[in-house]
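Here chain A shows up in two complexes: once beside chain B, once beside chain C.
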Partner chain A sequence: MTVDQMSPVADRPSGRAAASAAGRAPATGRRRLSMTARRHRAFYLFTSPWIIGFLLLTIAPMAYALWLSFTTFDGISPNWKYVGLGNYRELFNDPVTWDALGRAGLFAVTSVPLSIAAGLALAVLVNRPIKARGVFRTLLYLPAVVPPVGAGLAFKLLFDPNSGATNGVMTFFGFEAIGWLADPYVRYVLLMTVLWSAGNVMIISLAGLQDVPRELHEAARIDGASAWRTFRSITVPLLSPVLLFQTVTGMIASVQTIMPMLLAPLQDTSGITTIPQSNYLYMMHVFAQYFALGRYGYASALLWVLFVLILIATGLIFKFTSGVVFYNVDPEAKK
Partner chain B sequence: MRPQAGASVSRRRFLSLSAGGAAAGAAALSGCAMQVSSGVSGSGETVTVMVNSGDILPEQVQQAKKELGIKIALVKYDITKLIAMLTSGNPPDLVRGVGAVDLPYFAARDVAQDLDPYFARSDVLKLDDLDPVNDLWRFDGRTQGKGPRYGMAKDFSQDSMFWYNTSAFDKGGVDYPSELEPITYEEWLENAKRLVQRKSGQTTVFGGSFNGLTRSTLLTTMTASAGGSLFSDDFSRVDFTTPEARKALTWYIDYCKTKVGPSQIQPDPNGWDGPTYQAGRLGMSNSGYWLGGMIYPEKKLAEVSRLAPAPVFAGGERISACQGGTGLWMPRGAKNKDAAWRVFEWFFGEAPAKARASGGWGIPSLKSLRPLMPAQEEYQKRVLKVQENELKHFSVVSFTPYTRADAIDALFNQIAPAAMKGQISVDTLAGSLNSAINEQLKRGKEQVG
Partner chain C sequence: MTATTATTATTAGIPVRVRVRTRRLALYTVLVSVTGLFLGPFGWLVLSGLKTQGELAASPVHWLPDTFQWHNFTDAFTQIDFLGYARNSLIIALLYAALVTLSSAFVGFGFARLDAPGKKVLFGVLLGSMMLPQMVTLLPTYLIFAKLGMVDTYWPWVLWGLASAPYLVFLFRQFFAGLPRELEEAAIVDGCGHTSIFWRIFLPQSWPVLSASFIIAFTWTWGDYIAPQLLLSTDRTTLAVAVMTAYVNEGGTPVPELQAAASVMYVVPILLIFLVAQRGFVAGMSTSGLK
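Then we have the complex of A and B:
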């Protein structure tokens, strides 16, 4: 008996044959859909809520923003005009935009590796057979579930230069107090907020670690490989798809972070530009242009440029990691 | 080729159907948005009011339903949401606004309703009972303070005045400022320097805070106090290089440089003076009468707190403007104007107005409600005397209609820190402010037409 003969669907016609059979079905009675047609219909029915949502809530606003980016629209005034690529030309000549973009890029290349390294280190630690492992996992993950607004408030109180605990400890030991929430130190506070939520990275890395076959580690140990060599040559390659995922999503999230806004005592929309310069990242600039200056057109151009840059950066990450990311898939299975 | 029954849906067809569905969905959503201020709901009318939480309390909503038979639907104030509602033609019936800076902007864009006909026939809000502060809600198409009324202040303060803590003055061995005669800005700064307390690089007590309600209103009123005007006659330009504007700018940058109080380069994590003053960590707070609402409930704090007149520049005019005048205005596209006006009258002239007047959070905007201002305690009587004297020096300082104050503040915040840190001179700062703000005003003028 062949495999096909064993299959419960072996006696059914192929999709194409079924479709043509359905087409020939007599007009009397209820026409039956072929299996393939039903599958297609089910697929589209189940995905349509997402696709409609995607069109309504993503594509339509993006198209609207693209149109806005060619205008001087401020949301309310009657005499806005079409300026073609004027906003894009201004953007490329605006030093504030470039500075903000540069800082956002620097923040991404600093914070993403840092949070991945911290999360991976924590994952390796809590993947070991230690006592109360579950408690440690929970405790380390806990900060990640604190809402960013709460975390921002906690950091503001902790690093308040005049009444915060950090300076309290420093002055207790005879050090001078530091203006943590002003330039240049506020950038370090921002990085600390990234590490605060390393539990997110930890939990994904931990799932990846638990997928690494134990026998590979045992074989390496029998061959005399050190712990570091095992980690570098077995764990990291097998974890590389997870690390790539975290790099890409981390990069996208980091250039869009609003954490600097939560660390600043903002009273109104104009307060966005009171954010110390080292934390005045690209999204702060976009927010200022939209809501403080009412430049909807220019701000939309800023967002479109960011979107294109993110696409390029993602493409580059995929290109440069294609040789080092190990997908644990049998190439024959694809055929 | 026509699709056949039973055949699978092609991708192209599916996407086109989805796009059609999306368009229909968008129309449906738009339709939902149009229901926001439909006006009629159930047995009574519904008036949509966009305010901050606390402006109208839930019990007042109930009270309005009982007394007026009108249901108030509250919408949280959000400038982005307001603009979206105005643009889509479905504005709230009444909207919160800061008279000093918001009114010219909205009136110039023709989205605010002229309320003169309503005032003319009102038995509750009589024109001769309106405090002059309500002139902030007038705009003649060019100048604030003249022309039709578009709104009204719920209460107000003269925001260049300041409160001080006598304990801090006693501790610093500094003479109390006079309560009836203004000190100069220079004297204010000198006092702040003597009051500030520092330890191991930490500021334990700020000498004083002087930031105005917003940077733009602060500099506009200070320039007026120095005898000039920040704006050109047609409000289409600013000039920080005139002697009066430069004087105001120099003083503010000096204040920031000396770090005697909160500023952009030394922010107060509380974001405003209230909690810092309450904690005894602020010698002087540039806040008007309204801060009394926070001070009075704490008797110990109230007994050591004094209100002082707005400072003046040596040889300058005594001007004590209102930088806020927060109240309500009615969008021109409001769907339910008559009912909205009834709520307007009730909010500004009936129970809620009386409750506000006796709370100490501001001077009532109707002269007839002034006897309700708190004056039971000795410290309240003292403050009231200072405030009554200060009212003689009230004046409207007009603001430009070509941009929102937020925009000017945002540009100032972006450019000024370099001067506050001593990296650029005040003259360089004045030039940079002129070019950035005038560019914004030029864009605004083009859009207003």
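Then we have the complex of A and C:
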């Protein structure tokens, strides 16, 4: 699989195991067979929790959703029926779907590159040999472990149009106060909640940065390369597998964020009815159809469309980066 | 970056030591201000928890509380059954973390140390499933759990725990694959089965990963808002949901100062766990980055 390629080490141990098993083969032909059979059985025994769980808790719900997406099922009325592609036809003809999808797309293509750039910049900063860099690393990463509920509330208070610190600072410097939590500004607050947890990208990039061989940087310096040039031509290519991974997981995280719900004015049980228009992303649309309206069939169609779009987007990302991403397979480094 | 290029460009005549010093000063200034910005939102949350309701509604902003309202933090306990919700969160998080850590270790051992036809494909599926948006499967799963009468019980977390998590499986698989082969060879010669090899030899070796996995799974569940919101009723739900929804007066108007105080108390345990267990946590995070 695709992720497998990103990790040159991933396949080695099993390869080695297979090789040594093959090496033993001629000596103990008969015993090996039964041992192999036992190993095979053991493999399936050990992996069975995941296999069964995957079938029951991932494949089955997805299949169930696919079936529901062809019906008018709402959980209440007994005479729901099969409508074929009716739900799909409806969602394609509904401008609300397209608007929500467009907003989700815009959010993905802004939040992902921004948080990767911010995380990478932080990683470069705290990778410098400076005093107390451990403290800086910890403090910069800390927001990333704050649960969404805490983060949402903190940002709601911080950007409160009346009593929030942001407007306080802005009016102090003579700017107009802004209705941050309403249209159209609330989308920037959403973006800032993502940037706030850029520590995630920082930590993972940092691990990658520390793997970049020192000699490469020294050689570049001797050749008279500027800091920016070194960063662009050495650091970024060597980090590219990490950055690719961040892009894909970041995109998927952006699609399923519930932050718009947590930033919405007052939380009620449905929670979705008060989301300002500009934060009404695709997933929020799905939630609204699911829980505010109970349209399980229609919402399932929305989910499947999203699922297919994510698959396509992931495929495209891998396709367009396959020539750019550099896999450093260094036999010396890994022994 | 721009700062450094600027200094090299304009200060060609200045001694190297001064240049290095200004550059270092610039680096610290950037770092300190960025760190300040990053801590700001949480600081503001704490500060909000110490204000009166009037101060929190004041316009323009009332920067500091006139007197620190420490009683907000105790009132937060009495306004709702804070401890009850905290206990629910704790039960679910411990249950899930213990089960998923064990099951993921089990599966990870299978992928690291055993083979069978189809292993490569299965491992590909495992890695691919890490990229499945969980929200997409959660909603239909909710309908199935509702059908099975598991809504408002903790069974969903038991099932999710038993099913192992691809991300943690990968963590264990990487760790087990790195252990020397001699570990199990002697045991195999002695006629030890794979199950006892796992329990007696591999599991005791893996406490760093076990604790990392446990902590990661615990913080996931503690922080999760949407699954308990969907699956549990208002009495049995978790602290995450209660903090978000329960701090309202009879009239339905929110009580922001208590909510802020409560959310500080909800977040701080996670921060403490992170600070104490930082090394394992970060190691887990960066392995997941597939470096």
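A few comments on the model shown:
Following the convention adopted for this analysis, the second predicted complex is superposed on the first by the 283 of 335 C-alpha atoms of A that agree within 3 Å, B and C clash if a C-alpha of one lies under 4 Å from a C-alpha of the other, contacts with A are read in each partner's own complex, and residues count from 1 in each chain.
Everything below uses one rule, namely that contacts are C-beta pairs under 8 Å (C-beta built on N, C-alpha and C of every residue); 3 or more make two chains touch, one makes a residue touch a chain.
Note that the structure is a prediction, hence the values are computed from the model and not measured.
In the overlay built on the shared chain, the residue A:Ile204 is in contact with chain C alone; chain B does not reach it.
After overlaying the two complexes on the shared chain, residue contacts for A:Ile51 are found with chain B and with chain C alike. Once the two complexes are laid over each other on the shared chain, residue contacts for A:Gly75 go to chain B and to chain C alike. In the superposition on chain A, contact of A:Thr171 is made with both chain B and chain C.
In the superposition on chain A, no contact is made by A:Thr247 with either chain B or chain C. In the superposition on chain A, contact is made by A:Ser34 with chain B only, not with chain C. By the touch criterion defined above, A:Ile272 reaches chain B but does not reach chain C. Comparing chain B with chain C, more residues of chain A are touched by C.
Once chain A of one complex is fitted onto chain A of the other, the partner contacts of A:Leu293 are limited to chain B, with no touch recorded for chain C.
In the superposed model, A:Asn162 makes contact with both chain B and chain C. Residue overlap on chain A between its contacts with chain B in one complex and with chain C in the other: 40-41, 44, 51-52, 56, 60, 75, 157, 161-163, 167, 171, 177, 266-269, 271, 290-291. Those residues of chain B that touch chain A in the shared complex are 4-9, 14-15, 18-19, 21-22, 25-26, 29, 79-80, 83-84, 86-87, 106, 109-111, 199-204, 214-215, 264-272, 281, 403-411, 413-414, 417, 440, 443-444, 446-449. Chain A meets chain B in the complex at residues 19, 22-23, 25, 31-34, 36-37, 40-41, 44, 48, 51-52, 55-56, 59-60, 72, 74-81, 96, 156-157, 160-163, 167, 171, 175-179, 181-182, 264-274, 277, 288, 290-295. Those residues of chain A that touch chain C in the shared complex are 1-4, 6-7, 9-10, 12-14, 16-18, 20-21, 38-47, 49-54, 56-58, 60-62, 64-65, 68, 75, 122, 125-126, 128, 130, 136, 138-143, 145-155, 157-158, 161-165, 167-168, 171, 177, 196, 199-200, 203-208, 211, 226-228, 231, 241-242, 245-246, 248-249, 252, 255-256, 258, 262, 266-269, 271, 283, 286, 290-291, 296, 299-300, 303, 306-307, 310, 314. Residues 1, 4-5, 8, 24, 27-28, 30-31, 34-35, 38-42, 44-45, 48, 55-63, 103, 106-107, 109-117, 119, 122-137, 139-141, 143-144, 146, 159-160, 162-164, 166, 169, 174, 177-178, 181, 193-195, 198, 219, 222-226, 229-230, 240, 243-245, 252, 254, 256, 259-260, 263-264, 266-267, 270-271, 274-275, 278, 282, 285-286, 288-291 of chain C touch chain A in their complex.
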